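Working notes, beginning with the structure itself.
Which chain is which? They are A, B, C and D, in the order written, and residues in each are numbered from 1.
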Amino acid sequence: MNDTFKKGTRESNQLLYSKLGSIYTVDTNLATSIGSINLERPVMLASGILGISLDVFNRLYRSGAGAVVTKSLSTEPWEGYPNPTIFGLGGGGWINAVGLSNPGAANFAKMIEPNKDVPIVVSLVGSVPEDFEQMVKEFENCKVTAYELNLSCPHVAKVGLEVGDDPELVKQIVSSVKNTTNVPVIAKVGLGTTHYLKTVETAIDSGVDAITAINTVRAMAIDVETQRPILSNKFGGLSGTPIKPIALRCVYEISSKFDIPIIGCGGVSTWEDAIEFFLAGASAIQLGSAIGDNWIDVFSQINNGISDYMKKKNFSTIKEMVGLAKKS
Amino acid sequence: MQRNPNHTTIVTVEKVIEETPTVRTLVYSDDVMPNVLPGQFAMVWIPGVNELPMSVMISQESGKAAFTVRKHGAASTGLFNIQPGQKIGIRGPYGNSFDIKAGKLLLVGGGTGLVPMMRLITNLTPSHDVTLLIGAKTKDEVFFEDLANQLLKDNKHQVLVSTDDGSYGENGFVTDLVEKLVSENHFDGVYVCGPEKMMYKTVQSAHSRGIFVQASLERMMKCGVGICGSCCIGEDLVCHDGTIFDGEHLSKNKEFGYFHRNKAGILENY
Amino acid sequence: MNDTFKKGTRESNQLLYSKLGSIYTVDTNLATSIGSINLERPVMLASGILGISLDVFNRLYRSGAGAVVTKSLSTEPWEGYPNPTIFGLGGGGWINAVGLSNPGAANFAKMIEPNKDVPIVVSLVGSVPEDFEQMVKEFENCKVTAYELNLSCPHVAKVGLEVGDDPELVKQIVSSVKNTTNVPVIAKVGLGTTHYLKTVETAIDSGVDAITAINTVRAMAIDVETQRPILSNKFGGLSGTPIKPIALRCVYEISSKFDIPIIGCGGVSTWEDAIEFFLAGASAIQLGSAIGDNWIDVFSQINNGISDYMKKKNFSTIKEMVGLAKKS
Amino acid sequence: MQRNPNHTTIVTVEKVIEETPTVRTLVYSDDVMPNVLPGQFAMVWIPGVNELPMSVMISQESGKAAFTVRKHGAASTGLFNIQPGQKIGIRGPYGNSFDIKAGKLLLVGGGTGLVPMMRLITNLTPSHDVTLLIGAKTKDEVFFEDLANQLLKDNKHQVLVSTDDGSYGENGFVTDLVEKLVSENHFDGVYVCGPEKMMYKTVQSAHSRGIFVQASLERMMKCGVGICGSCCIGEDLVCHDGTIFDGEHLSKNKEFGYFHRNKAGILENY
């Protein structure tokens, strides 16, 4: 009972405001690089989470996020699916079918144009290479740290996994984006209907600069009282703690097989999780669902935990940890 | 085991009260919702239709809570049409709650924005001196006036209604009444919920005079838990940082009163 | 602290013994059928769980299991992987890499020969059709309720998913087993590197009688203190609550696409979970990991819950519930 | 948050005590293991080597616990070779514990089977009259004799050692000594841990005379939590239903004393 209602007793707005004003700092070197992408801190906001406003990006950055990934953007605005779009399983697990709702690349680009401070990774979703090319051009006047190609949304037809599962399309999309921009390009992969390592291989062969693994895993929940699927889209993507062991495995497999910078994503909610991903071969991590359980304080909590761990274990850079578990 | 607030709980609507031709109150039994704080809301699933954020309405029967819904688009109409015996899903409670000041309070509610005011009233003490303003377009749309008088019977209080067309109570916008009252009286706290323009003007009237004021904001909500971002206003997430913000904070917000985001996340004018 | 040590204060052995003597009963009709396989109760023991002794099978049956699936058997005895072979994630999640240790089909057949009461489903694993044919012959003198072909173990090379991911091999194996025996044959599928729905389709086309979905999902855990993978095999299979939403989705997808009896498996630990699987299209369910959290009482708990639900909702048979969520 | 008993916790071995040329005690600090019940065990991970079930040994320093390991195959040798400062992983505690009867007790331990006896002793009261039998092949392999005498100093007690070769203490098998003692004396409870044949004979000696007896069994263990089935004996799972069973129950078991299962699960004769 208590927990449910604690949320109600919020900090006074004054306090909230002053807290937001301060910038997260830590006394160790948390800098990392994902290929040519250099970040001050290794914990990034995953795509689709709180990701539609520059003001919020600023807030997250000040709270400790090393970079923010935008909601996946399409050429046109999308409303997404009707509610219910998200369902909490408890224990850190979530299923969502937001349906890639987003204001469209052009609107979004206009909104983030004033950005100077925040490392923003622009996530893009589309069905053909032309979609991606067109969107990248929209961002010509923006400070974009990298593009992340969402090849792995498990619950929206014609984009996401339907693209990621088609090697020929992956090749075309990655190549065309690489030809359109000098900004680093990341491919985000997930468990689809073809072997995700094939998708990774194709993306690498086509010149991608880094891999984010993984997206949500296709899943569902049914309400036993009303005997219907809960999400309006029936199927959604499983995220949060349940998928962490799967995501970790993928990072380990990718880093064992390919020489490519990796961003680990899936179920990170503690500093131990982050370290596990580094040890498996990730140079940085992304998180989303943990915010639903621990709010945005999770960024400073994880950064602090990593920092303490590095001190205790005498690591002076994140890099030193990357892939260590493969040596044993 | 504590109930998981993010896991939909199914409840059966037991009673439907017709408040106006377009507003109904749906009463149900539940363990959690009868005890939420004033201002908290739930995500309400209308199976097969949609899921909507709804302020948790009080019920005068113990162990029960309610939703008071105005029939509008497809989703709210779906909820409006629920009959006794039918099931809906609820998750929450979400959001923060009003900071209740001692002394003389002004409560301002427009339409279903009255819902949090009713729960706020049940959290007051007899020493509170309460003025409740009910704003409505026309006489037919006035509701909760009797309920409010009844709930406030042990308090020094007045319940004033204003209608835009003057068909009942004061003639004109409720915000004009607010401006008049705060300029002529001392208040220790002002609380408002209703259409954004109404909240904006009320906050201006009070805050410019240094009166403590809080408004309960509405934005497009998908998750209700601070994940999806659809409810953002400036750097705040209404579902998580709010829904209640005070005048000081709102006065610095560039979007309050002017913009909201639509389902695609695009800023639109009010 | 209390919980950890409660296990220590065990029931007196006398009590334990008398409890075991009694047979689980319930006053509703929990009978179900999976094609031509008729079971008194819909909750089965999943393969690999407590599954190496006839005495234990008897005990589980008396505790409420509708049938037991044996550990996956191979033509020769296998020791499996060295320890650590199992790791508890907490919250009902487990990762295991037992490595299909088993006494071999011949030894096992001899052991279960005396069985008269317990519906035993014999799980088989192998690399070529001949392996399966040979093993089926070993069981000629045993009461076998069905064979379950394990096409989906995610962490043992040359068998399991390496077989399930190869449609041609699936076809050969299913066809040859179908030609060797009249006992119903179930194919157990999981998330591999090819689309599992393809495997299902191939198995159905080759004459399989039912599908079990799903097996564990390939995963891993790394210890941050010693910086090494915890399981001796590094990779293992994720089971328990984390995979339930994924398993449920698979059952729903299979039942939407094919007309084949389905056994749902993955993360069932409560009666609500079981009902969800029925509503998604499963005629029975299997469980394993839940035993690690709730012990074998989980069978009676779930049966009782299903029974109460059926009374409340006026269902007189399990069948009436099967697939209901697809109608909404 | 309570520690998850199934999640490996890493501890550092702080001290290594040489008990015999082939037996060592490894002491470490921990929150949970110092307080387990007598008979409970842990799964001990030797990183890069293996994971083994080990009875949790007492430590006389507070906040510490230990494992006493006999060097045997690759896994136990790996543990045996751990040096102070090195890390091992532990999960548990698992298993049930001895039911301690009042009065005159006979404790019988062979080799590392003495480990649960040491913890059992620390759970006795001064009113207990205790006879501890230590069985060993030869003089070199005797350990814990001094420790036991010290732990029992406030009790009426005797610690008797028997060696198979007569090189120390009584000459002959410890089970012969058990048979002699139970035939000549009254005991309220007999507790045994050690090689299966030793336990089998001890249980027979006591149970056939109607004396309450409990044995702590060993079987191949992979999971330790009642999932994998590798530790089954008849219809019991040693890790979950035991490791401690009493004479009444064991007398009905067809495998006790005769068969155990190997890593593939095949029944083998002792």
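Simple rule for what comes next: a residue touches a chain if its C-beta (ideal position, glycine included) is under 8 Å from a C-beta of that chain, and two chains touch if they have at least 3 such contacts.
None of these values were measured; they are calculated from a predicted model.
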Quick one: which chains contact chain A and chain C both?
none
Geometric centre distance via CA averages, chain C-chain B, whole Å
50
Between chain D and chain C, distance of the C-alpha-averaged centres to the nearest whole Å
35
Please work out the Cα centroid separation of chain B and chain D, and write it as a whole number of Å.
66
Shared interface positions of chain B, touching two or more other chains:
47-48
Identify all positions of chain C at which a residue touches two or more other chains, and write them in rising order.
89, 226, 228, 328
Answer with line, ring, star, complete or other to describe the graph linking chains that touch.
line
Every chain pair in contact, whichever chains are involved
A-B, A-C, C-D
Can you list the residues on chain C that touch chain D in the complex?
1, 3-5, 7-10, 12-14, 16-17, 20, 48-53, 55-56, 58-59, 71, 77-80, 82-90, 94, 96, 98, 101-104, 107, 111, 223, 225-226, 228, 230, 232, 288-289, 291-292, 295-296
Residue set of chain A touching chain C in the complex reads 89, 91-93, 95, 191, 193-195, 197, 217-222, 224, 226-229, 234-235, 238, 241-243, 245-246, 248-249, 252, 272, 275-276, 279-280, 309, 321, 324-325, 328
Write out the stretch or stretches of chain B touching chain A in their complex.
2-8, 10, 32, 35-37, 39-40, 43, 45, 47-48, 50-52, 75, 87, 89, 91, 93-97, 99, 222-223, 225-230, 232, 234-235, 237, 240-241, 244-246, 248-249, 252, 261-267
